[in-house]
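Once you've had a glance at the structure underneath, I'll fire off some questions.
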């Protein structure tokens, strides 16, 4: 059974996230997972480049009506014309989600994943609190290899539970 | 020009949010705004009840394929079959968004609004931080009258900017 | 139980459809149905004008990201940013669908309604055939009063079946 | 530039369409096109089997929330949870669309493609008329090799026009 791991991350991220995302893509592809992302620049390009260099398959669920803004490391590039509405499709396509860095689009994907039972792994991403009390509903790490491993495990477990 | 104010909130909220949401609905309707919400229980029922009792118009963008779970205070109930995917439609229908309380669906709506330029007013809702540093991109209050007033002002300003 | 009747029709229709659509809107509103449409010009404007003049409620599910192209006879105007993708939301919001005239958007709504079990009434609209043999899966009429009556009956029956 | 050709067709088609769809998939893949479809049974399985046996890449945009109903010949299977709403995503992902056989889902995809400027090739599919006069806005053939060739040409031309 092929696992699909979504990777959420901004098109103009903190530059230090780029090597993390690229390493993450490599580890995910090395585990045989299909990498699904928004198909754009920044974190999305880096994770796809890493995955393709490791021989993996990458899917970009694009916000636009055409493929002109797709990054060059996509096996499959799918225009949706949904704008940020495509974020919920990314979550629906993912057996687990790795959220990389800040960005409000990334936050929307974390929230939709948590709401719909898709496991989330955080890599240098948002922290949440309510009335001053931390709420921490997902695993975090700063290590892309560990993030990939946790995502693969969580995706496998979710597939088992659903079947 | 009619203003549309979205209200995000959970179906099973902290009980103390119910009177806040009901008052919010009353103040919004009293200002002539159409109240848009997810159409369900909890915060959604309370804000609609408040709005209808003040003579307002309420719209529910339902996650389901039919109207069986719609609350009874909706002027218009629209099934979408999108599940949590309907959250982005709620944001797109809103000139401003008031986020009430916690809940991951609410968090997704805050994030989508921030991402797409819809002004957000927080009423006892999520706090965000990155790498331990608070990020606070929207106004907050505990007072439903002030929340309604801030939302109306922000919605008016957004309409002016777009036209 | 409020019935919702969708009306599909083009923004630049054959001019003779305009009075038919306006009369249809009047008859639907007179029966207490909420009229749901794409919210634009042409057939959509005419059916909403007729419905509002009869004291009815009208909903426009707009293809755009804002309300600038909404017709002035909408009780509620909902931007979706989905373009023609909003057609399936129109069908999902409708207990029955009246298709008025030609237009490929209208054809898509007829097809989605037939596919998902929403009853269709045709008013001067598309005829279908396969391998030269007519396929006629919905009622047709040239009379807007009869179209409204058939739509109300079909919507009522569908609601009874679903509940 | 990779071309993406959508193939629309029913899950329970006329059995004689199966070898046509399989041959179509082979010719499309042989031309280097990615085949996009609804990911299910019938025509969708056949076109994917043909494409994969010719070494091609296939994408299924699934109506469901999970991959349990995906056919086994998909390179990439994407659950959407949109039901028939996924039909418009199929059209948006396609540089050209081949419509195979009858089925109302197929009709919705033909209509959405015609409405949004995606070229359509018909293979034993719906005929349309208005007021008794045939309307024939797309090319037709009974030959899967010719259908593939026409689709590739139309997709290439569309890409040139958009860029």
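Just so it is clear, A, B, C and D label the chains in written order, and each chain counts residues from 1 on its own.
Here is the rule we use: a contact is a pair of C-beta atoms (placed from the backbone, for glycine too) under 8 Å apart; a residue touches a chain by one contact, two chains touch by 3 or more.
Owing to the predicted nature of the structure, the values given are computational and were not obtained by experimental measurement.
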### Query
Among the other chains, which touch chain A and chain B together?
C, D
### Task
By the contact definition above, name the pair with the higher C-beta contact count: C-D or B-C.
C-D
### For chain A paired with chain C, centre-to-centre distance based on mean C-alpha positions, whole Å
40
### Mean-CA-position distance for chain C and chain B (Å)
29
### Query
Got the chain D residues that touch at least 2 other chains?
65, 81-83, 85, 89, 92
### Query
For chain B, which residues count as touching chain A in their complex?
82-85, 87-89, 92, 102, 104-105, 107-108, 110-112, 114-116, 124-132, 135, 137
#### Entry: List of chain A residues in touch with chain D within their complex
34, 36, 57, 59, 61, 65-66, 68, 75-76, 78-81, 89, 92-93, 162-163
### Query
Where on chain C is chain A touching in the complex?
65, 81-83, 85
